[in-house]
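Chain IDs A, B, C and D follow the sequence of writing; residue 1 opens each chain.
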């Protein structure tokens, strides 16, 4: 089996959620240093202040490090992480020339894969061994692509000029991953930025195997908000009138949040992803937590939908005599791929036989914090693209039974090398 | 400080939820055997088949036993429990005569007390030390009352005839506690049954300190149902149309369950006490769990409300293309206190100076599985009452900040001894 | 056919809603004056200021008068009503003695009877001929009973002493009917008050034919509130974000109003009976009206439920950026039948063979503005009862297909005459 | 004042809803025949079978005709309509050449304008005099534009070749207007089709005065469905358990319909525009009607959203033990303006000084049954555009306080004449 497909399966077997990716980080570091790369790791990659919100406690970091070692990471490398994830390897030709950066996200999603026959990760033994963790968004494949590009670059040392930065980013699914790398200044000298994601869509259809799209322009901004409704517990028969039912407030909010009218300017989206409330069946719930996100295609929509969200939260709390507090996570920005960068990808893709259909523009249909990196590159005149690698999947992304056609991995590596040839070749 | 108030504070400090009460059980056993009682414990008290649903795994039982020891229970007694809670002590005069049983429930509720000044359990150091556990329904006081009656009985050995059974019952708040003791046959020879609960109400007002009601007749039947809605996870922007939002189904069910019309025959109640759904903010939730209970004043209502509950669950699932499965917990029955038993309590209470106001009938305003014991006693011609000991409280029961006026404990002990005098005295 | 059953069918055929009962009033007046009674009518019966809210415009009164004549009322009597309903006839023996009053309500409900075979009013030709009007609460039978008592009294002129007032009250279902008669002073000299209603319940079962209950004590207070939500209309695609959807606010209010927890002190009820919103399918509704009522068994509950209603209205409006205004209709009071009056009824009922089962107390399971009359009588030391005449029905009251067993009419008349015998006989 | 602005005000003053436009039809006919046109009218314009659903009864048609005459239409013309609206005038040069059609919609919306100072229709006396009717979508201006083009064409008789059809279409807001004209064959020979609408948007901003967009491509399909939920009426206290609350079913449907997830392929819209339920506050509503529409940008979405709508209706009914029936109105299709036609408009608009900003493409942000005409023209090889005439407005369309800048009327006429010059000129 292709070595990078094997890597993908290893990462799939040991999935780690955002800011917990200590084993993944250590293994990437180990593989890259074995190839001969000097790597940055942990707080050399991510800005400590930026990730303050998500900062693991020393105990959690210690636990992650212990687990990483138990799951096969080398103890000396794990020690060097101090429990902070993220790796950057720089391929430096030593010759003047352009700087190109890649972003590979490495975190997984919460969830559990099904242990059932016919599901390949189960049948072939690479199913997740971490309870509650699953690579259901293809980041295992992205990571493998990054390692493949790193290896392929080694043969180009003399041929290429300039530098290629391979950024293995923690926490795309959660918060502050890309932002913390931007804050650290790693994008300041980048001229060309390439971000790959499997399983996007084009012309309204999923990108299946043997297809590719060269860039997306439909990033939505994304604001995530955690809300806790506070009521008053009481026995539901005796003294029910003294209770303030925080669950009714939350459920009313959930239903009404989804009634927010679409803005005429474009896509308007609200999702409530998590609800947790109450402790015991025979007590009126005094607390209920929801985690929601709102997205928009432009700043006017983001502002509109956020205003409506708070009107609904206010009203839902008032209806049931409750209060609420909230925490607003950082705002993912919107962005657009640049035609110039997309054209480079298009020329490269057309030379890779695996890609039978090359769409110029595709659709992300959502958000990715890579937009923060793209915007950082654009700010000083660079160009960027966020492109889609087609792959057959068992289920849509973010579904626990997601698996993909691994043949996309070597094809993506080949395509990237051809694009780098155009940028860095003689 | 009164010894039994001290015991109450000890139990308050080490609260244990239903079927976890190994420390509480061991301490009750220790105190009663020190007094000279022979006691039944664990599976001698509770029927193993009946508690099958709630059965702790061997690992959980082991963990409870270890915790009990770490929290001051004697290791040899803990071993004897095999991890199963419950104690019965029988005061046997050796002389023929009536059999009277008391039920004292010993479990706590889920929740967390506030660590703040001005809250007496915090100020005086008896606040819960078990994360997620709190004696917010007064069962700590009930247990202390039972120990007090046990001690007071010792002086009556010669004076009394017949037997007095002191039943320390696990798991009143959860399931099958009373039922499992009935199933074991402990109520088969009981002529008189007395169950005390703090903080009921009478004439529409809470029973505050210096008041008592001699019985309640308004038990509601209670059926608890756990429901899990199953949908389909999907990314909320890309491919949202593929998702089936289990949280929307659950929230719609929660709101609509509360719209069930009151039956003309009497009290009709539905409470949803717990909701848990979704795993991550940017995925359409594929699963959502709710735990609900429905109560009624008579079998017609119970049947009506259960039928309506399932109509609503069916409809809510159908609306969002989801399915659901459920687990029905055992049905708590309705019951009524007997006038003859209430009159005995009334005569006793009028002799205790602490009780300045004696109501004949009060209100439970809910359910208690003690009803199963009462019905068992009534079935073979015995009489029973479920009476309310007034006490000032900081908050209603089932509120995390519940605390009570401990002076009700010695008063309740005195009152019970006077009632026993009438039943068992010469 | 019994003459009073024929009258019932006539009133059934020409139903009139509250404050529109001009034909009914005129016919009652005609029948009673033909018997020889002097009658009060219209504003002699009802206080003009009290009914101000409901006051028909001169045009509406005129239309009601024209319809009354077209439907067989005598023009000269109709003229005398000036379009205001209500009749009082006084049977005065001329001898000193007690004053007894009866209340017979005469209005119908909105609705439409089914024109289908097997439905007796259709088959036998007395189905409603007034579009949108239906006697679905038995007031046609009550009116017939009143006429029957009037006739039976004529034979008692010499035998009886004191006075009997026969009050034919408009607008029980809507507003201010009883209140306006109390305000006019007609209850000021009343010692005994008897109010009959068909189809109540006792011991949790409907009162079927051959049963009676002698009084009810479970009147609920009742507050009715009309609410109009105001939003902002907009096209639902273009500029949807500019809209404020008053229908969403109203629907959210309707659902959440029904989630109000039952007060521990007793029955707590909320019903939303009417909703009207929006004008056209392709516009976001800028206005939505709801009409609701909230009931409670005692003033604490009334106050609690009204506070909760306004919290929910506030919150529902806030959620959707809407405002609302409201109109509070008068509060129906609670009341209780007096044992002394119920005992008189009991003695009378036991003598009427048609009543095979005599319940002492029954249940109204709701509200009736007769409570205002009962309270007025009690205030100066009189006694009152609100009793239930059993009758088999095709459907529960307030259902469009309601019909009843008319044999209850002569039985009720007989029973009342026996009660009057006890009060006014020698 | 410009004559066509005066006409606009006249139509504004006498608004008529879909299929009621008898006065409007008669006046258009009168004005056009006075100019010298031969016109088709009523069932010569609209296909009788197609409008069967909406067909007025003979009584309604008669009433519309009487009202038209009372409001100044000529009796002899009104007679000729037989109560059916719609006018077509054909400008026929008698010379061979292309056929161009215009569509002007003539119906108003339900609603009521505010009678308040500062609102120009009130201040200047052209406020609606028809209760419940308001020109809140600019069709009064469209009609005036049609008359202006008709007049301007008269001067071009010799200059132009081919034909110009001026179609004054009834019932754009309601149903079957365009469809019934297509069914009659009036579009069969049309080569070029121009449809104008005021107040669309471009680049995310409303088209204000002095702007124009030359076409739209974002038509949504539109399906309208009327739904009636059937429950069971009952008294809300006594026997509430016998009731089946159709209003709760409807309100739950309304809320949940708006939670339908947006399809990834494009715009997905649901609006509930009307709700009507219940008859009286103290009865559980046995019936509740809602009128909803669902739209999508392509057939996959239309199908998806319609499937979801019925899932929600099914579930909402099931939750409350209700049933429902429904009526599906015809489906409005999607369509797209043709570049070739838009380019003609662009060239013309650039020559009209009033249009300071000419957008090539704008946005309809919704649906218009004109799409059926456009598709009919395209089917036999013609080209069509649906263009937006910018105008300052007081409120968005479909708001009762909508008024517009009438200067757009002469500007639109001028622009159309220039476009016709290009098509039909020598």
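Note that in this section a residue touches a chain if its C-beta (ideal position, glycine included) is under 8 Å from a C-beta of that chain, and two chains touch if they have at least 3 such contacts.
Owing to the predicted nature of the structure, the values given are computational and were not obtained by experimental measurement.
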item: Most remote chain, CA-based centroid, reference being subunit B; value: D
item: Chain pair with more C-beta contacts, B-C versus C-D; value: C-D
item: Euclidean distance of C-alpha centroids - subunit B vs subunit D, Å; value: 66
item: Whole-Å separation of chain centres (CA-atom averages), subunit C against subunit D; value: 47
item: Subunit B and subunit C: spacing of chain centres that average the CA atoms, whole Å; value: 46
item: Where subunit D touches two or more other chains, by residue; value: 201, 236-240, 248, 252, 255-256, 258-259, 262, 264, 267, 269, 284, 363, 365
item: Sites on subunit C touched by subunit D in the complex; value: 109-111, 132, 173, 200-201, 206, 220, 222, 224, 232-240, 242, 247-248, 250-252, 254-255, 258, 267, 269, 271-286, 288, 291-293, 295, 363-367, 396-400
item: Subunit C - residues contacting subunit A, complex; value: 236-241, 243, 245, 248, 252, 255-256, 259, 261-264, 268, 284, 304, 308, 311-312, 314-321
item: Subunit C-facing residues of subunit B, complex; value: 201, 204, 255-256, 258-259, 262, 264-267, 269, 298, 300, 363, 365
